[in-house]
Amino acid sequence: MDMHEAKRVEIIIEKIMENRLTDLLIEAGVKGFSVLPVSGGSGRSGHWSREGQISRAQGMSAVVCLVKPDRLDKTLDAIFPMLDRHIGVVSVTDTKVMRAELF
Amino acid sequence: MEQLFSLAQQNLLSPIILFFALGFSAAIAKSDLNFPEAIAKGMSLYLLFAIGFKGGASLSGYGIDAQLILSLLSGVILSACLPFLAFVLLRIMTKMSAIDAAAVAAHYGSISIVTFVAASSILEIQGITFDGYMVAVAATMEAPAIISALWLISRKSKESKGLDSELMREILLNGSIVLLIGSFFIGLLTGKEGLSEIAPFISAPFKGVLCLFLLDMGLVAGRGLVNAKGAVSARAVLFGIVMPLAGATAGLICAMIIGLSLGSTVLMMVLSASASYIAVPAAMRVAVPEANPAIYLTLSLGVTFPFNLTVGIPLYVTIASAVIGA
Amino acid sequence: MEQLFSLAQQNLLSPIILFFALGFSAAIAKSDLNFPEAIAKGMSLYLLFAIGFKGGASLSGYGIDAQLILSLLSGVILSACLPFLAFVLLRIMTKMSAIDAAAVAAHYGSISIVTFVAASSILEIQGITFDGYMVAVAATMEAPAIISALWLISRKSKESKGLDSELMREILLNGSIVLLIGSFFIGLLTGKEGLSEIAPFISAPFKGVLCLFLLDMGLVAGRGLVNAKGAVSARAVLFGIVMPLAGATAGLICAMIIGLSLGSTVLMMVLSASASYIAVPAAMRVAVPEANPAIYLTLSLGVTFPFNLTVGIPLYVTIASAVIGA
Amino acid sequence: MEQLFSLAQQNLLSPIILFFALGFSAAIAKSDLNFPEAIAKGMSLYLLFAIGFKGGASLSGYGIDAQLILSLLSGVILSACLPFLAFVLLRIMTKMSAIDAAAVAAHYGSISIVTFVAASSILEIQGITFDGYMVAVAATMEAPAIISALWLISRKSKESKGLDSELMREILLNGSIVLLIGSFFIGLLTGKEGLSEIAPFISAPFKGVLCLFLLDMGLVAGRGLVNAKGAVSARAVLFGIVMPLAGATAGLICAMIIGLSLGSTVLMMVLSASASYIAVPAAMRVAVPEANPAIYLTLSLGVTFPFNLTVGIPLYVTIASAVIGA
Amino acid sequence: MDMHEAKRVEIIIEKIMENRLTDLLIEAGVKGFSVLPVSGGSGRSGHWSREGQISRAQGMSAVVCLVKPDRLDKTLDAIFPMLDRHIGVVSVTDTKVMRAELF
Amino acid sequence: MDMHEAKRVEIIIEKIMENRLTDLLIEAGVKGFSVLPVSGGSGRSGHWSREGQISRAQGMSAVVCLVKPDRLDKTLDAIFPMLDRHIGVVSVTDTKVMRAELF
């Protein structure tokens, strides 16, 4: 199997900011991303759980974005201003993908 | 005074309040009772759909009159002005930062639709009628408070992005408003006939769904209090009780000026007294992420909502009855 | 003509259509109103459960007669043949690839159960009766179209895996069919008695749930259109309007040959005119992933569904009344 | 004997059993019919809310009498003792390890609330009345069995953490118990008046929701059986049929000692005969992760639940009628 | 803590293909996998979101599969034909696991 | 962008144990974690899927925890006893994070 270097960017952010974040990603030129629901968590701002929440202000999403290594910096630069003001965490992991042309 | 006690007692022993209390205690006792997010959302869609439609249908056949328009206008004005009152009270009563105070203030200018529904249930049991268009007034009161608060914040903070057009659209077209107003107009258009077609879905089971919904609200409010331990000072809690009283007074004055009926006056008081916990928190997270959500959610959902539900509503009914006469 | 206008107007002002329109406009205006996936799925389970059961119960007590069997047979034949008609029309009218055309054709041979339900609601309001077994006819029309379309595709494309036994099982035992047919037989078995036990759940609130469901359908259809901008040509949109008319005509002819009653004729036309947006898209994704889902979902859900709901159904009622007589 | 057959037949042809059978067969046939988790949870919350409230309301106005207290006491004793009976039976009848046997035993001491609901439906159809407080008895029987089983396990296994305070709280305050008991007390407090307010939500549509819920139970039970193929021996399956009979006998004896009415006797037998599939499995996963969940879930949900639903309940009604007289 | 080399294979694929994919994984001899719901995403075929969808044809799932390094090639070979025809992305990341005997 | 080394600990565990696990994590001093729902899976104890489950005893969650490398051992030590008795899998992946002070 032919595998190619890529970066897996995982951004955990407030659900309410999800659309704004993915707009930034698209502007930054990423070719795709996937959003996974997050059902609970903990951080400096305390513990929360999605069950029983009625406020759409609460809750987080995980946005997973596979990008070519040379596109990484542009991607991170694009999202940094939002992440700086809003709660959330970002991790970047080295990974390998099939079909490099997709990323 | 007697009326107040009997009303309060009757209210405290109504199933909807008891289910709220059940949820609240279960949460405090750390029971794992909970409602799936989708079910909670589904119930809230149902309530908006039902009250919007019933409000519109009850209005169909009547023309648009001055009182209706004045009521909508009062709603906008109350919602836009109450945040300033709340802000001043907060700065006097508590040590909250200006940003946090403004964010809290936005919540108290806006409204809680479930408090409105609970109040109309209680009015129905008392046999006090109210105007169907009060639902539309409720809808107009959701958004103006947010704009006032963002203006307050923009004065204090350079950093704030404030109100971009994207956020403005989100606020004005937020799901609750669209469903409430949309159902209202469909009810208005289809009238009694439309209502009779779907009444077995939106009228008969309404009270039961409201009980379940308040059970969930109790769970959420209780868990919020448990998690937020320490985020809110005793003075802030006091504000959470004083502010609804101040809001209700403002609502009463407006209602008297317009000359609303007893039932509609009570609802105007309830709307002014209640605090948002859905639309406004969302807008604040977007526009003022620096403000601490634990503060405004705890006050609105953990303090003011239960206060209005248990003590506030019977009090407003009593006061309005005394002032306006039945 | 007059009847058509009055019917169309009446239809356009019915709550179910108005709620669909509300959802559609909210989606176009980018409101964030939405239904959790679980609630949408729950409502569709409810609708299938209710119409299956009511269809079966209304049939219980009657024996199996020739007309019932002929109706089922017509359903199978219509579903199997309409894809060929659709395919030819698409190849003539549009520049769609053969694969895409075949995938779209499968949708138009199969049926939309919500269109069926909306039509029966309208018939009920008009006081036009129809046979309970039309629900069973609806169920038999789900699958044959898929097989025809896969045959069309296998002729064109070497690569296509076509119909393996796994997929065949999935198509025939898909949840909607199982629930619809299962409820139908349980209704048939338990009859009026069974119906009276659960009528307060499946009859009285039915119309209200349908309104909420169509609100969600409007949201989904509207968002589909917004996202699919550009995926579908003007000619394809035209097909989405011509094809239901052609289908309805085919349905009318079959109904006349068998000698169905007015109400059942209308439903046969509606079934033939409607296009699937649940079972068939799923089958196409598995069997023909090369076909572009944006095309077939946009046409079926964004064009044909709203067309049938607003214009189609009143038109079919008018035509059938004229041709068959009330 | 005749009564048994007519009752069994009537039961087997009731919609709730037929929907269970539909779900079961759909699962075995590998249909993709399924209910979203949130909807299944929502229906079970509804059922608990409704039966708790109705039980409490039906009791309001009556004082607390000796029979009520004796019934609750019997419930606790039955729940605490039945695990020992089950454990001995399992060790004699099967080759299950002591840990697995104890875990299974816990399930049979506790109860299945849906079996209880189905039985009360059948009693209602038969026109046999029962006491509202049997709902409270059901609630008291949820937990004691877990404690007995954990004691059994702690004797056998050094490793077992057994019952820490955290687990104890989870067991006693588990969501089902809290909702059932809470609704019961609210029903008791608000009485007939409260009931009449929410009856259109909890009484009229109840049977219909139960049908849908049992459809889902059938799907879950059927899929469980398919997935667990091989996890359970023929002898264990036999236990799954013998144990409810033994449990029902124990329940009958207790009921006769206290002098319960026919309806309440049947329910006491049903509670004793039924096996938990929600609360107990959860507790076992926490306290005894070594025990194989495939065994206890298959027996409780795949064997005993369908057995009670189809054969058991009519049998218990017949026996109780014969022994006590109508 | 004793940690062992492993590969984390993450496959994002249409929900409708989920069972077929996991059957392939099992055939290929993987010892386990977990499926996480995906609530939205974007790619060449456009933007989608699970909320409000009524068609089971839409929506994606994320299948996470931890495998021993020497089993990786067999796993990828098994799933490649499906991924080649259907939309979806695969990433393979080096990771470490406890209890090597499970993978 | 300034990135810092971190570890991404992913724990897939029974939902019923989720709170106990996150309590252990907090005791072990992690600064945050996120919980993602798992909708199905397969392992030694067979195949399962969340849909249609009514028993809260079933179902798994994925707990993702980003930690500083020097906190990793303490974290794993804290959760090991639970994972040893209960079904579930853990993987630890090298990753990079922005804003090191958060982890």
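As written, the chain order gives the labels A, B, C, D, E and F, with residue 1 at the start of each chain.
Convention: a residue touches a chain if its C-beta (ideal position, glycine included) is under 8 Å from a C-beta of that chain, and two chains touch if they have at least 3 such contacts.
Here's who's who by UniProt: A, E, F = Nitrogen regulatory protein P-II; B, C, D = Membrane protein.
Everything numeric here is computed off the predicted structure, so don't read it as measured data.
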Touch-network distance, chain A to chain C (Membrane protein), counted in steps: 2
Fraction-based call for chain F against chain A, same above half, different below: different
Chain centre separation in whole Å, for chain F relative to chain B (Membrane protein) (CA means): 39
Distance from the mean Cα position of chain F to that of chain D (Membrane protein), given in whole angstrom: 34
Between chain F and chain E, distance of the C-alpha-averaged centres to the nearest whole Å: 18
Centre-of-Cα separation between chain E and chain B (Membrane protein), whole angstrom: 45
Residue numbers of chain E (touch at least two other chains): 36-37, 47, 49, 56, 93-94
Overlap residues in chain B (Membrane protein), where contacts from two or more other chains coincide: 32, 34-39, 41-42, 200, 204-205
Complete list of chain pairs which touch one another: A-B, A-E, A-F, B-C, B-D, C-D, C-E, D-F, E-F
Touching residues on chain B (Membrane protein), where the partner in the complex is chain D (Membrane protein): 13-15, 18-19, 22, 26, 29-39, 42, 200, 204-209, 211-212, 215
Touching residues (chain side chain A, partner chain F) in the complex: 10, 12, 36-44, 47, 49, 60, 62, 73, 76-77, 80, 83, 89-94
Partner chain D (Membrane protein), residues of chain C (Membrane protein) touching it in the complex: 36-39, 41-42, 45-46, 49, 53, 169-170, 173-175, 178-179, 182-183, 186, 189-190, 194, 197-198, 200-202, 204-205
Complex contacts: residues of chain E adjacent to chain C (Membrane protein): 14, 16-17, 20, 45-58, 85-87
Interfacial residue positions of chain F with respect to chain A in the complex: 1, 3, 6, 8, 18, 22, 25-26, 31-37, 61, 64, 66, 93-98, 102-103
